[in-house]
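Chain naming follows the written order as A, B, C and D, and within any one chain the residues start at number 1.
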Amino acid sequence: MSDIIPLIVAKYNYWLYIILMMIGLYAMIAKNNLVKKLVGMNIFQTAIILFYVSIGYKTDATIPIIKNAHGGGHGHAAQTIHAADYINPLPHVLMLTAIVVSVATLGVALALAVKVYQRYQTLEEDEIRMRLTENKS
Amino acid sequence: MKFVAFLIVSLCGGLLLYATADLPAWGDPNSPASSHLSPHYIEKALEETDVPNLVTAVLADYRGYDTMFETAVVFCAGLACLLLLRDYSRREGSFYRHIPTGVVIHFKNNAKSMPASREFEHMDKEWVPYDLIMKTVCRILIPFIQLYALYVVAHGDFSPGGGFQGGVIFGSSLILLAISYNLRTVVQRIRERALGFLCALGILIYTGIGVLCMIAGGNFLDYGKLAEIFPVDPGHVRALGMVGVEIGVGITVMAVMVVIYVNIASEGRHDEGL
Amino acid sequence: MTGTVYPALLIIGPLLAAILCSGFSWVEKRACYPVAAAGLLLAAYSAFRVLMEVLASGTIQYRMAGWPPPIGIELRIDLMNALVLMVVACIALVNLFASHRFVSRDLADREGTFYAVYLMFVTGILGVSATGDLFNLYVLLEITSLASYALIAMGDPDRSPLASLNYVFIGVIGASFYLLGVGYIYIMTGSLNMVDVASLLPAIHDSSAILIAFIFCMIGVWIKMALFPLHVWLPNAYTYAPLPVSRVIAPLMTKVMVYVMIRLMLTVFGLDYIFEKLDIAQAVVWLATAAILAGGVMALAQKDIKKMATYIIVSEIGYMVGGAWLGNKTGMTGSILHILNDAVMTFALFLAAGNIAFRLKNVHFSSLEGIFTKMPWTMTGFVLAGFSIIGVPPTCGFFSKWYLVIGGIEAGAYHFVAALIISSLICAVLFFRIFEIGFFSDDSHGHGHGHSAGPEMAEAPISMLIPLGITSLFLIGLGLYSGVIVNRIIHPFLG
Amino acid sequence: MHWQIDLIILTFIIFCAVGAITVRDLLSTAILFGAYSFMMCLLWAVMGAVDVAFTEASVGAGVSTVFFVAAVFRTSRRTKD
């Protein structure tokens, strides 16, 4: 037991992202309302983004913008940059892309939801299914 | 359904928890993710691209191809909303309010409409715009939001921000206008056709810069080669290329955000809405 | 390094055409179709040149933005990519020609936007097949999916938006799982380039994180390709989509996902890892067997050509996944060859269905009576496509099935072989049932009329028949030259 | 990185996420989702991912929420779960 607690503490961000991912995935699968499902979808995607951002984090490092790059005349030619001083920028780049992709998907999905509502006058999946069976019979 | 969902979710959670044990410790500077590729980006980016914001440098240069498709995703979303929701049929009837007396007139026939005059105001059926305070505050605020958006785009090389953020902020300033006044105000200020052109223009700028690099003899998006066409400092040309690209991204994102909003809020009729 | 420009043109051509299309849709709608055709022609020509260059001089690496591979993104085109790219570009082009009449009839007010989204779909799918970077693959996959969500929802106004929305939910779960898998690969190796990752992985094969990365990547890809228990989104989405859309999404989307799976297996994780470290190959082959049988049985229950074809796709996915997981070269050969053949034959089937739907407005079995006399040419193509799916020798479907069966026997997976044979029989039943309805159940009063007026010909327009004709020729051509394809392309690729 | 701040934000995130998917009014769902995004953005800012936080603040907490509100305005606020 004593070695599990440091494990949890050292990686609590990973644990958190797993919890959020589970919440999002559960909402996407189990919820009945289409907008709720979309909220779940976004929570799911944000959880993954949190995971990537956690990958990039480094202790004792600062944000990935080079300090004094153009300040102090031509300082930057002589300045040496240590990788350990700055947070890894690559996951941030990937996640910028992922955020934009998620908002694009959200836009299209909401457009579809509005279209579904125009047709069935409801956002509840079971009610839509009921209308469909009514139409058939 | 709930039980199945619970089962699937627990299974996924369990698998991921199982893998967590082997992940490198959180914030470890020597983890593979921080020691394989990223030192190159951190140590060489300023020298190679002359851009101090590493995220922008990686986003628009090293992984510029990704970013082009990211813009393409946004562009595609805008087109998709137009394709799905745009409704060219006209809604029946319209409401006018006589401003001095507050009397509302309802025209049931579309063919007739109130002649333009200052006394009558075209009114939404569902959405009643907010009061004077709201309008005035937003009116004062919007130019500053837009100025800030432009700053974010232009200053993306040196500080957090860039084309996406700037574009989204600019787009949301127009959305704010739509919410505080009404949708028609926005649609009159910036026509649908103009928005459509702007969507295409932004990504065309991005792709065009890439193609220019190819014409100059480099690979696609190799901004370094632009120095051979344009009279610019070869050491700084990559940064300039990135600014150009970011402007393109900003334009597309701005236009697409407004297109998506307008189409969702008015169900594609572009007449009235939130 | 400035080598060939064709890999870049392959992607940029359709992308630029999409941008121009969306611009032109606001000023001159008639310009959209030629622009789209030009973009796809450029893509097809580039794909052809790329294939030639790969055959002549081996793998092409195109460095985007000029940065060397692990730092920048590269397009990496080897023999398998080149083959898939060629098929994708050709099918997209032929479908554009076949769709023009339909689009200008049914979607006249949004023609330009439709072509633009269609081109974005093609761009995405070409990009997925060309890229050598794991994250780039995700972005392109999302473009493809986003475009297909929009295109699918253009169909039947009653059902298609809902089908598309369900596809959105499941598609996002699939893509996110894939992204999660890539995240685990990234955290363990620090790289995103496929070849670089492959060189770093052997050192950490025993890590549980890599196992989870593999599982999540695979589940993500399986969801996107609709492998049997995860296929629930596919039939509705493809059935209610408009025909010009479903006949390009159905052959391409699923097949390209199979390609992605094989790429992940061969290039990223490596066969050693999959077949020696992990002990799941047997289970996956069983899953594929279930997919083949379930797809076939569900296809039997349908009364509509389009819906039947969607279940046939579910069954065909089982062939390809099973072949790839048999763990021997013959099975893998069959699987890759089947990507090519299945894309062409599904396309031919949907083209024929599209021609029928253009005239009859639906493709329900009950309305097919006497269809052979009404649309003889279309039905010739339909018969060829049917024979190919059943696996009758001169058509291409036979040869890939042959490799799959041999591979199954070599691997000792007799249940898979049995499923393949049963599935062929089921397909035979399916298609002969349609032939029977179309050929023999010519109702008697129609016969009486026949003497006076003659059988009424209502063939589809020529612009829709020519694409079908070309595709049918390809069905036979690919069959006759499958030996060449295997010896020149697939065997050198597998080494 | 201060773990106290972290912990507070993390708790808020979980609450907002659970709240957003359980509350029985779609408008509240949309607003809670905005709050969730904003908390997430704070967390990323604390973790040093300024660009990602900036994007999330403008996209997630801003535009996405507005899209949700617009869609709810066009459809209905009613939900059964």
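Convention: a contact is a pair of C-beta atoms (placed from the backbone, for glycine too) under 8 Å apart; a residue touches a chain by one contact, two chains touch by 3 or more.
What you see is a predicted model, and the numbers here were worked out from it, not measured in a lab.
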Comparison of B-C and A-D by number of C-beta pairs in contact, larger one: B-C
Subunit B and subunit C, separation of their C-alpha mean positions in angstrom: 32
Averaged-CA centre spacing for the pair subunit D and subunit C, given as whole angstrom: 38
Interchain centroid distance [CA atoms averaged], subunit A/subunit D, Å: 11
Whole-Å gap separating subunit B and subunit D, where each centre is the average of the chain's CA atoms: 19
Multi-chain contact residues (two or more partners), subunit B: 16, 21, 23, 27, 31, 33-35, 37-38, 41, 53, 55, 63, 66, 70, 73, 76-77, 80, 84, 160, 164, 260, 264, 267
Shared-contact residues (touching 2 or more other chains) in subunit A: 12, 19, 21, 25-26, 54-57, 59, 61, 63-65, 90-92, 94, 96-97, 100-101, 103-105, 107-108, 110, 112-115
Residues of subunit C engaged with two or more neighbouring chains: 135, 139, 142, 146, 149-150, 153, 161, 180, 186-187, 192
Arrangement of touching chains [line / ring / star / complete / other]: other
Residues on subunit B engaged by subunit D in the complex (per definition of touch): 27, 53, 55-56, 127, 160-162, 164-165, 168-169, 171-172, 175, 179, 257, 260-261, 264-265, 267, 273-274
Complex contact set, residues of subunit A against subunit C: 21, 25, 28, 34, 37, 41, 44-45, 48, 51-52, 55, 90-91, 94, 97-98, 101, 104-105, 108-109, 112-113, 115-116, 119-120, 128, 132, 135
Partner subunit B, residues of subunit C touching it in the complex: 1-2, 5, 8, 12, 15-16, 19-20, 22-23, 25-26, 62-67, 70-73, 109-110, 113-114, 116-117, 120, 123-124, 127, 133, 135-136, 139-140, 142-143, 146-147, 149-151, 153-154, 161, 180, 184, 186-192, 200, 207-209, 211-213, 215-216
Residue numbers on subunit A that touch subunit D, as the complex places them: 12, 16, 19-20, 23-24, 26-27, 31-33, 35-36, 38-40, 42-43, 46, 49-50, 53-54, 56-57, 59, 61-65, 87, 91-92, 95-96, 99-100, 103, 106-107, 110, 113-114, 117, 122-124
Contact set on subunit D toward subunit A in their complex: 1, 10, 13-14, 17-18, 20-21, 26, 29-30, 33, 36-37, 40, 43-44, 47-52, 55-56, 59-60, 63-64, 67-68, 70-72, 74-76, 78-81
